[in-house]
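The structure appears below as structure tokens.
Order of writing sets the labels: A, B, C and D. Residues in every chain begin at 1.
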Amino acid sequence: MAIDKVVGSFDEAVADVADGATLLIGGFAGPGECPSCLIAAVARKGAKELTIVGNLGGWGTNLFPVIRERMRNLIAFPPEFVDHGLLVERGQLKKGIFSYPDAPSPAMLMPVERAVAEGKAELELVPQGTLAERIRAAKSGIAAFYTPVGPGTIAEAGKEVRQFNGRPHLLEPALGGDFSLIRAHKADRYGNLVYRGTSRTFNGTMAGASTITIAEVDEVVELGELDSEQIITPGLYAQRVVVRPARLPPWDEPL
Amino acid sequence: MAIDKVVGSFDEAVADVADGATLLIGGFAGPGECPSCLIAAVARKGAKELTIVGNLGGWGTNLFPVIRERMRNLIAFPPEFVDHGLLVERGQLKKGIFSYPDAPSPAMLMPVERAVAEGKAELELVPQGTLAERIRAAKSGIAAFYTPVGPGTIAEAGKEVRQFNGRPHLLEPALGGDFSLIRAHKADRYGNLVYRGTSRTFNGTMAGASTITIAEVDEVVELGELDSEQIITPGLYAQRVVVRPARLPPWDEPL
Amino acid sequence: MADERLDEQTMALRVAKEFQDGMIVNLGFGIPTLCSNFVPPDVEILFHTENGALGFGSIIQDPEEADIDFINAGVQPISRQAGMSLFEHAESFSMVRGGHIDLAVLGGLQVSEQGDLANWLLPGKAIGSLGGGMDLAFCAKRVIVVMAHTTKDGQLKILKRCSFPLTAPACVDLIVTDVAVMAVTPQGLVLQEMAPGWTAEEVQSLTEPRLILSPQLKPIELL
Amino acid sequence: MADERLDEQTMALRVAKEFQDGMIVNLGFGIPTLCSNFVPPDVEILFHTENGALGFGSIIQDPEEADIDFINAGVQPISRQAGMSLFEHAESFSMVRGGHIDLAVLGGLQVSEQGDLANWLLPGKAIGSLGGGMDLAFCAKRVIVVMAHTTKDGQLKILKRCSFPLTAPACVDLIVTDVAVMAVTPQGLVLQEMAPGWTAEEVQSLTEPRLILSPQLKPIELL
């Protein structure tokens, strides 16, 4: 039988995301690099007690229109965009492991800030490079590593400190998930992926760092159309591929 | 002033390789992926007491014709090819850190096997994946990491063993160099690199893992000719670029 | 009373004088981002952004031309440029942690005379964001902090010890403010340049640690 | 006296029956490489090679068509194939160490009843090569060793304990030899299949640890 990782719907792709699952959710901060349809499908499924690993805490549906309006003179954000702030708003988060959880202005509160303040969720704050490296370690079978980033700061809390070359380092453990939900540009049936521009970001890092990696792509192309030299994520790191429509429907509609 | 990393000659490119230097030398096992001209230039310079990090121990000039003849019915190896076995033959090696130091047949001896037997050089034997990861750690500023590969084998000797997830792991230190000598296909003046086929191998890994990375390439192209999405080694990892002639001259001729 | 303080553009201009040919430079949010407008004409540098690009062009000003797949770490649209490369996040921070970034220009809430930097937790917020600033502060070869010399309500920001939680200890090499340029040295903060019309005493009055006056103390060059 | 032993091609054919749809498979040097000739027609698998390719095609037999930039870890020329991807060495071993290789087929000098494997130091050599075999033996999801049941001079290779230095302890799942197929289980080695004409006693006589006879013990299927 031919290998074919393409799944017909987003709802089908996330059907086995169970309560208590750990999700690595790709993206950085903007809509270009965010797997919005996969996130919406997890919201529709309603899986609870999730641990979510990502860069941002997530804008959510209340804050995003404000941000979109602020950014209007610089860049046009599609109004249908949702990020994992949606899952936080809907009470699906147990623990967030983020690099950038708070809103960029003291006048705003991200959903995760509210959830933590109300005692409904926990937060683990991780420097961005350490977060990326911990995820990469999970993909790469590295149990833990020593980084020079963090000694003498909040990042040191609870961590082993050890000297290498006369400089203190922190021991940081691998951080893998049950599912990586990522955004890519094109895929083939083997799960080979290419990205577009800076949308590669944490998406490329998280591919392969979970038991199941699901890629939300613009297009599935014929095998061979992706040049071997140019494939960024080799297919063995992606287990499922779903094609996203050109225009996103409202998040609560089946897709 | 415009950034321009292209150096006019191989001899100039390695002029500051001093006695006692640590060289990471790219390649895997065959001639396609080996920076032959850079190695030849180091041989001509005659730097001594070198520590060489690489996959193979190096065929050298005596054994290579034998291997070439053996491979004749499968693949045509260019006769002018030299690898770092040349440096071993010429007594320039103090210590080799290799994954595959011995010849594939008990009837042959690689130069490094001779040198070790005669007490002229030391050898550190490293599993190939651990070697690659140690080099990558040097590039990435990771001081050391825990790998599940090696406990209960020769690889454990002298290493810290620690349990993670109920499984023993070895602590492996980063392995960087003074110079990485690598082979690539094309470069631009920023030092951006692309490779060809399986020639990427340790070349892509070693780029950026030394203070100075020198790339031996087939061609330097105009800035912008390498597609941003397809650049494998971003230019900040390469400090020097040298163009290799279509046909290699004998190794002892200035180049 | 002291003369006017420099505006943000002028501070950025001053920082950009530190750009040297061939440097790999990462600019943080806010004033640091403005530095990209002032690269000296005979200097070629490459900008790095944490979210995975090196050697990108200017910030795009027209939203019609912006592309949501080409942004910097401040979510500003960036233009493509010959020689630009793209990469994923772990690779991007291999560059940072591995010491491949020559210069990071960061904003600051507080800087100590030892060069400690605090810039990640805004006063009054329960939760802050480390982002990529901590990695940059620890690992860039050189760190310049650019910030107002004092807070809007007159609180000192250059202190003997930071009271806010640190981004990184002993990481800052140079402080550029709206009134002065100071180098962090083993002996303490060396006042090197002052905004036009300012005296060393006036700068000192806004600075908690004792400033060492550079023998080459001069006005900030604004051209 | 026992019947003929299987030749290398036939051993490779038997191993290839373990290939299941969608598997990522790494083949070691020697007999394992031959397995690529026997992929069942209705099965699509992707081959991984340590030197940085996944999903490549067959070994090229004509040196005129060979390209020195497209080789496998045994330095054999490989053909390009739709869906193939290329990567550098650290990424290649991220795949191995990270458990992304479903099946590794390796050669062996000795295998113990606990599934310990020794295959990196040839007898009589002072120096051996670990290569990528150690990483594969430790980290592939499933490890099959394919080898002659005994050495050319009749020494046993399937032992209670390996006398040669180990490649990895307790790593082997299945042993395919020129006379038998044996599974490594917590109870010991289970004899599952024998070459045509062989008896369990004959296989046992060439095997140091006591073999457990599978209730489904049968001749090796050769089609």
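Operating definition for what follows: contacts are C-beta pairs under 8 Å (C-beta built on N, C-alpha and C of every residue); 3 or more make two chains touch, one makes a residue touch a chain.
Computed from a predicted structure; not experimentally measured.
Chemist: Which number of steps is the smallest that gets you from subunit B over to subunit D via touching chains?
Modeler: Minimum number of steps from subunit B to subunit D: 1.
Chemist: Out of curiosity, which chains are bumping into both subunit C and subunit D?
Modeler: A chain counts here if it touches both subunit C and subunit D, which gives A, B.
Chemist: Determine the centre-to-centre distance between subunit A and subunit B, using the mean Cα coordinates as centres, and give it in whole Å.
Modeler: Result: the chain centres lie 35 Å from each other.
Chemist: Determine the centre-to-centre distance between subunit A and subunit C, using the mean Cα coordinates as centres, and give it in whole Å.
Modeler: It comes to 29 Å between the two C-alpha centres.
Chemist: Which subunit C residues reach two or more other chains?
Modeler: Subunit C, residues with two or more chain partners: 53, 86-87, 90, 93, 96-97, 139.
Chemist: Two-or-more-chain contact residues of subunit A, please, as numbers and ranges.
Modeler: In subunit A, the residues touching two or more other chains are 133, 136, 140-142, 147-148, 195-197, 229.
Chemist: Every pair of chains that touch: which are they?
Modeler: A-B, A-C, A-D, B-C, B-D
Chemist: Quick one: which bits of subunit A touch subunit B in the complex? Just the residue numbers, please.
Modeler: That would be residues 133, 137, 140-148, 164-165, 167, 169, 173, 194-197, 227, 229-230 of subunit A.
Chemist: What part of subunit C is in contact with subunit B in the complex they form?
Modeler: Those in contact with subunit B are residues 21-22, 24, 42-44, 46, 48, 53-55, 80, 82-87, 90-91, 93-101, 139.
Chemist: Name, in rising order, each residue of subunit B that touches subunit D in their complex.
Modeler: So the residues of subunit B touching subunit D come out as 28-33, 55, 71-78, 98-102, 104, 106, 112-113, 116-117, 123, 125-130, 132-133, 135-136, 147-155, 195-205, 232.
Chemist: Sort out for me which residues of subunit A touch subunit D in the complex.
Modeler: 1-3, 136, 138-142, 188-190, 192, 208, 222-224, 226, 228-229, 231, 234-237
Chemist: Name, in rising order, each residue of subunit D that touches subunit B in their complex.
Modeler: Contact set of subunit D toward subunit B: 29, 49-53, 60-61, 63, 66-73, 75-78, 86-90, 92-93, 96-97, 122, 124-132, 134-135, 138-139, 165-169.
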